[in-house]
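Shared chain: chain A. Partners: chain B in the first complex, chain C in the second.
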Partner chain A sequence: MCSVDEDEQIRAQQRLDQAHEAALAMADAAEPPPSTHGSDGQPRPNGASVSLAGAAAAGRGGASPARACVRCGQPSGVKTASQTFYCRSCFDIVMSKNTRLGVGQLQAPKGAGNKVLIACSGGPSSSLLAHTFIGLLHIDQATLSDDPKAAAASIERARSSKIFTTAGLVHIDESVLAHAFSLDAGSGKLSGDAERIAIAHAEREALSAAESTEATIRANLLTLAKRSDSPEWPLITARIEDVFGSGLVSGGGSVLLRVPPVNEVVLARETTEPSPAELIPSAASSSNRDKFLTMLAGVGSLSAREDLVRVLRLRLIVHIAKSRGYRYVAFGDSADRIAQNMISFVAQGRGASLAYDTSLLDARDPDAILGRPFRALALKDLALYARWSDVPSEEAPTLASGINLFRLWKSRYLLRVQQNDTTLPAIPDSVTPVPAWKLAFQQTAAASQSNQSSQQIAASISTLTEAFVNALQRDFTGTVSTVQRTSTKLVAVPPKDEERSCVICHGPIVRPVVFSSKPAPTLLTATASSEKPKEGGCGSGSGSNNSCACSTEPAASPIVPPSSSTSSCCSSSKSNANTVPTQAVLDATCYGCSVILRDVTSAGTLLPPMVAQEFARATSREHMRAEISEYLLSDDDDDGDD
Partner chain B sequence: MGKKLCFRCNARSALLRRPKNGQPYCRECFYDAFETEIHTTIVESKLFVPGDRVAIGASGGKDSTVLAYVLKRLNDMYNYGIELFLLSVDEGITGYRDDSLETVKRNEQAYGIPLKIVSYQELYGWTMDAIVKEVGLKNNCTFCGVFRRQALDRGAALLGANKIVTGHNADDMAETVFMNILRGDAPRLQRCTNVVTGSSDTLPRCKPFKFTYEKEIVLYAYFQKLDYFSTECVYSPQAFRGHARAFLKDLEALRPSSIVDVIRAGEAIEVVEEVLQSTPNRCVRCGYLSSQSLCKACVLLEGLNRGLPQLGIGREAMKVQSELLASVAEPASAHPIASENTNDGDASASASVKAPKASRSARRAANRHQPHSEETLRKLARGREVTHVPEVDLQDALSW
Partner chain C sequence: MSLEVTLEFSGGAELLFDKIKSRVVALPVPRPDGAKWTIRAFLVWIRDNLLKERPELFLQGDTIRPGILVLVNDQDWELIGELDYELEAKDTILFISTLHGG
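== the complex of A and B ==
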């Protein structure tokens, strides 16, 4: 409808976008972008699938075959996210260049033997990132001399000229979340046996789907890793629930995180010689699973659950990187993801760390530098390029999309049960005691008003944001790149001293979070004031979770009041395993994480030991500081400025 | 639903659910909580000192009406020792303005706060009707945006006021945070969550409703039976701001604290320092603060008076000019209707008489300047003989 304005808008943007080769050709785009007038007006919850659908359409050559490639003039087959037309080979050339340029921006210091760990979700963007690294680190064997000594030397030389010398892949297995997909489905008043059976069927389906998705992702990542010519490309997989692993905290109150010995912990399984047999789940992680799910259950909102998982996933990845000597971690965040994060992080109160969370390089921690080399590249283009480059991808559902999937399955099974479908497989009777986390989920769901919402589509702040950004991008081409560019104008303000970083997410704490007064006076009372970080006592020495009393008593935490659950746990020897006042926890968290804590509804919710340990450290440092405060000149000044 | 007791006093039966946190409140406790939160904002931000002469930007809409009522009440209750005035702007839009001005006049009587009405005719020699006749609907938003901003300051000067308070509420502020992210406007993103804006050289603009939810303002007005002029809030569905507002509503429905969370996030965001720091000047013609020798209003007036409303020197320059000016205007002003709560004290609500006709041009305007960064504008402006080089930031900082 307003094509002139849009073209103006696009053109003006192009002028800014000199770095992006694809942009140059846009200046003469005289026709209105067809996407604006597309028939797909309905919001879709999953941005990735939207883009993939678009990519697939373009891949079939369905998009504007009449336009000529802006690079070579041949008939084009691709329209990029920035509305540029390319033939397939030019698209490949441009994308190859752009992805390599992105990685090249990481600018690692030379000669330090920089190892980079690539965080792979299994999705197209991060898989393509791994593919790009493989290409960049590739050393052409054909040019090597026959003399093995000389060949080794020239490999050495070639390696040292690269930004990074070695790389590895890390994948966090979140299939445990499938247990949480049914979380409010079984709550409250069930309409009857039929529904219970349908839920059991859907649960079984959710779990097996999650397992097979994970298997596919691992297979894909192993395929990728094997394409590397270097034998040193490991695929490290860890389960998200292993944030509760004892290997992640130090034993005796030391302020340093202890690096776990490779074979001792179940945190990560590393395979240099890929073989499916090595990916067997370990027994110990079942207790971590219970703890993890119980923690999730104690958080009363889907948004807060998703955000907590996101934060813990990041910490787990960083931990793995540090413990394996990877100084860099590279993430596949596309421009679309950056734009979505810009909005959804702000929506969840995460302004202070926004600059770090969206930056190209986040070097707050010099031992774990986080990079986002694809932050300026559109997801649609990355996905298409990944497809054409034969980079396999498969993504596990998020909590929100998984819940919606689950509801769909449940309603289908309900229909079949009601029609007495005899082809339904038998479901095992629920003889085993209901797991503690399941009870906790039911309690939480009953306490909140989420019963009514179980009819609607489950939405979280991140799914809302994804739909919002995608809808805007459809109507206003350039939204994503504009927002992505906004993020480059942010300034990362380091916390004034390191104690003031959040014990949960490590983000800067800009100002104390106080819920007891304005602007939201009643929030304190609405919050369960007793979420109780636990000192990392469980099996603190050897890393064997099985020896811990609480792993054999999974029902202990959620229902029993905090004090007694503490004493029943092996960590009772720790002095600060008691309930901590809400304000003390809030003092040690950033605003964004306090928003998560605000949604904690269950009194017995435990945060992972790594958080607990940092909390203990932060409070003791705080205490020490108070004692010596009269002698601290500069610190006093700093505090006064706040 | 049985009789619920008030969450706060646990004595009286609850009358409403607070939008901010979903808790049941009785009438008395709601009034008290609502007013106390505004008082807290005023005290903690040190908005007023005794002897202040405070002009309330009054449109007759709900925000400014409730603001006038509550400020009057708090001033009496807590002895702020400030003098309050109602300040309305008459843009000269036949039919529309009369009704809302009548509302403000009734408020003057009811609250006993003296009212000053400044008209475009009086300030600029042009009514909006006349401007629209001259420039058409396409660019009138440029004019009303620039003129309105100055009008409040000039009116306040006539009153001898030293501060202006506006009815910006928490929803407006959160929405503006998103708008500035979406438009890539880093400088505005930096300052849009300030409770006081403006520099030492211009009148400070204060927003006592910074943490006050729009829904609570409506509830308060409803139960207090306050007399306000309600405008239909018609958003053009494609307009950027309409999207942002709808998104914010969805967020609020999902998690009521989101609005405050967004403001808190906005407060913590730091952006790169503005590159161009020019020294403040005064407009040679009217004396209003301006980075250029002629302020924007005077440039626009010059064009109007010369019969060259576009101030065009060739087609390109014309475009540049209108883009510059469009971007200068506060984002909301691109859409006169959408600007009800989002502009300076909802004095802006006024410009919207021609709703159906205006929406198209407003949509175009919104589309047009949405993604422009200043960098673009400067690039566009560079090397051309433009009478007026944009100093978007400064001007905006001063006048907001």
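== the complex of A and C ==
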């Protein structure tokens, strides 16, 4: 049995290790002579510093890298994102330590139920996270052979602390998105049959690529899971469209009751191992797929679509974790992703929960604590370490990158069609009737004002932010670490009223309550007052506290979500009531999710049942709250109310 | 005469190149302009021969799109001169996309 004292010792040891590591990192950063940087302190723009170019010219062939490993003095093989030079073996040792230290930061109180579920996209960070957990939890000697001392220390630590007793992997299959890659294809003017045929080919290619990518991801995760020496290492897979599954029903509390149609394979050593094919999530439900795609089609902008998918994926993962008794969920977010999210989340109206969304531990929900143990590690370093540690990874396209791929494939097929390429496979006759979601996509695209030319790169807030951060990082190598470290300075303000959480993402709803006479002052998001605008109307104000004149409209619109886009902030209330989500739904969502809903363009867009259920509960609660609030009013009139 | 190198893609970058993760390519030697086969020149060759349609998904200006890592013979290209590195026969050039979604 472990006593409290031992517990504290372990933590003290870990703090020591971290301090040591930090000192090492500082020493590393200080060590390289300043010659690689320009006199203005700016990193060299183009790779070849004077000394390096000279050395490369003198003795070429890769055998004589100009810089020595800062740890052992041997020729270096990698320059980390923080501009530190290491040879391959020192890099492996340092990264092995850093990844373990990261995971070690996920301190959990001892006790039953400290199971951790590792959310695996298939990409290098999350695969490496799984790899690290496997190493820590099950002490696979083979993966620890690099530095015997460090290995022994981590083994000792893992054994004595037993932070987590069990782990599992979860992967959300998003291949359904491939149906949406063609988005606006076919909505505009087609140049003729050739283009139609090219689109059909590209659509088929998108679907088959998505399927084979998912198959590879499953095989990779299975390979990882099999490396553990645990008798049980579940790999759980579910499809994103299963958020529409009938199993996902909210109960009275915050816990979702029934298990969604997921496939779980417990890897038992003694029995026959499943093939990756057996891990295919329960047969894709075409009705769930149709609902999911119709929902996506109803959301007008790519940014909002991506955000919605992200939020629902998170809900699904948390749901799976809870229903399987995992109290912790670990995500592979790297420093780069955190830095990107820092910017894109603010841009998407999610500033209020930024402190949680970028934190090491998000314990808002004590039954599903979210951890980001790699948040201080650079993506470059993680990706290289994953490759060199034989951690397989494969990433499925996102909505934005998939759209770009689709356009690429389409133009390639168009060329082949126009050249009468006889090697093109025959395309099956177009499906009749055309699925409803497909028509919905085309309608949305046709109606969209900001029609992106299909010649441009499809851009969403998240892809633009990613490109922005990556470009900055290339020229100013401190970018990611600076932005990421800023996130650690954010102070998470616990929600005042735990009852009011967003029906879509469960995040805090921080807009002041409609009848509150004291708006919360310290929030990152824009605040909207339901009272008469005190200073200016639409479009005036400093953006961060912009009150909107249309909020005084009587009827059922006490709050119009403040708009951060260039479109008029009144647009949602002025358009046809059938084509926008009702005000009531907006009131039950956080600002970030209301931004998504604001982009809903088609009538009757369905949200997953779990959202609908929570909405029903939230509205009855709100109704009560409103009734009570009337008696609490003191200084403000509520003349806008009926 | 030609210079044979192995061209590899991973992390989703292969989706831009017919999903082929590894291929051997023969570069004409000498180059028309008589210059060496640097990676800078190789990127132009890739654009003209393998990614005519949407080079901006892989390249930015005359270099690689930020977020795509380059390894030459499993060594970080930042150590060997990046664009100015001169290819040698049997070199393996690997492009790893770390971009979200490949």
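Methods note: the second predicted complex is superposed on the first by the 430 of 642 C-alpha atoms of A that agree within 3 Å, B and C clash if a C-alpha of one lies under 4 Å from a C-alpha of the other, contacts with A are read in each partner's own complex, and residues count from 1 in each chain.
Definition applied: a residue touches a chain if its C-beta (ideal position, glycine included) is under 8 Å from a C-beta of that chain, and two chains touch if they have at least 3 such contacts.
All figures in this text were calculated on a predicted structure; none of them were measured in a lab.
Enquirer: Quick check for you: in the superposed arrangement, does A:I343 touch first (chain B), second (chain C), both or neither?
Expert: Touch status of A:I343: first partner only.
Enquirer: Does chain B (first) or chain C (second) touch A:S359, or do both, or does neither?
Expert: Neither partner.
Enquirer: Output check: A:V510 vs chain B and chain C. Expected answer is one of first, second, both, neither. What do you get?
Expert: It touches chain B, and chain C stays clear.
Enquirer: Check whether A:T486 is in contact with chain B, with chain C, with both or with neither, and answer first, second, both or neither.
Expert: first
Enquirer: Kindly classify A:K79 by the partners it touches after superposition: chain B alone (first), chain C alone (second), both, or neither?
Expert: second
Enquirer: Quick one: classify A:S462 as touching chain B (first), chain C (second), both or neither.
Expert: A:S462 contacts chain C only, not chain B.
Enquirer: In the superposed arrangement, which partner chain does A:S323 touch: chain B (first), chain C (second), both, or neither?
Expert: neither
Enquirer: Mind working out whether A:A471 is in touch with chain B, chain C, both or neither, as first, second, both or neither?
Expert: Touch status of A:A471: both partners.
Enquirer: For A:N220, decide between first (touching chain B), second (touching chain C), both and neither.
Expert: Neither chain B nor chain C is touched by A:N220.
Enquirer: Hey, what residues of chain A end up touching chain B and chain C alike?
Expert: Chain A residues touching both partners: 471.
Enquirer: Residues of chain A touching chain C in their complex?
Expert: For this pair, the touching residues of chain A are 46-48, 52-53, 56, 60-62, 65-67, 76-79, 85, 88, 123-124, 209, 212, 336-337, 340, 379-380, 383-384, 387-388, 393-402, 404-405, 407-408, 411-412, 457, 462-463, 466-467, 470-471, 473-474.
Enquirer: If you look only at chain B, which of its residues touch chain A in the complex?
Expert: 7-8, 18, 20-21, 23, 33, 36-37, 40-41, 44, 177-178, 180-186, 189, 211, 238, 240, 243, 247, 250-251, 254-255, 257-258, 260-262, 264-272, 319, 363-364, 367-368, 370-373, 375-376, 379-380
Enquirer: Which stretch or stretches of chain A touch chain B in the complex?
Expert: Counting only chain A, the residues touching chain B are 1-2, 5-6, 8-9, 12-13, 15-16, 301, 303, 342-343, 345-352, 354-355, 459-461, 464-465, 468, 471-472, 475-476, 478-479, 482-483, 485-486, 489-493, 510-511, 517-523, 526, 591-592, 595, 598-599.
Enquirer: Show me the residue ranges of chain C that touch chain A in the complex, using the header's touch definition.
Expert: Touch list, chain C to chain A: 10-12, 15-16, 19, 53-54, 56-57, 60, 65-67, 69, 71-86, 88, 96-102.
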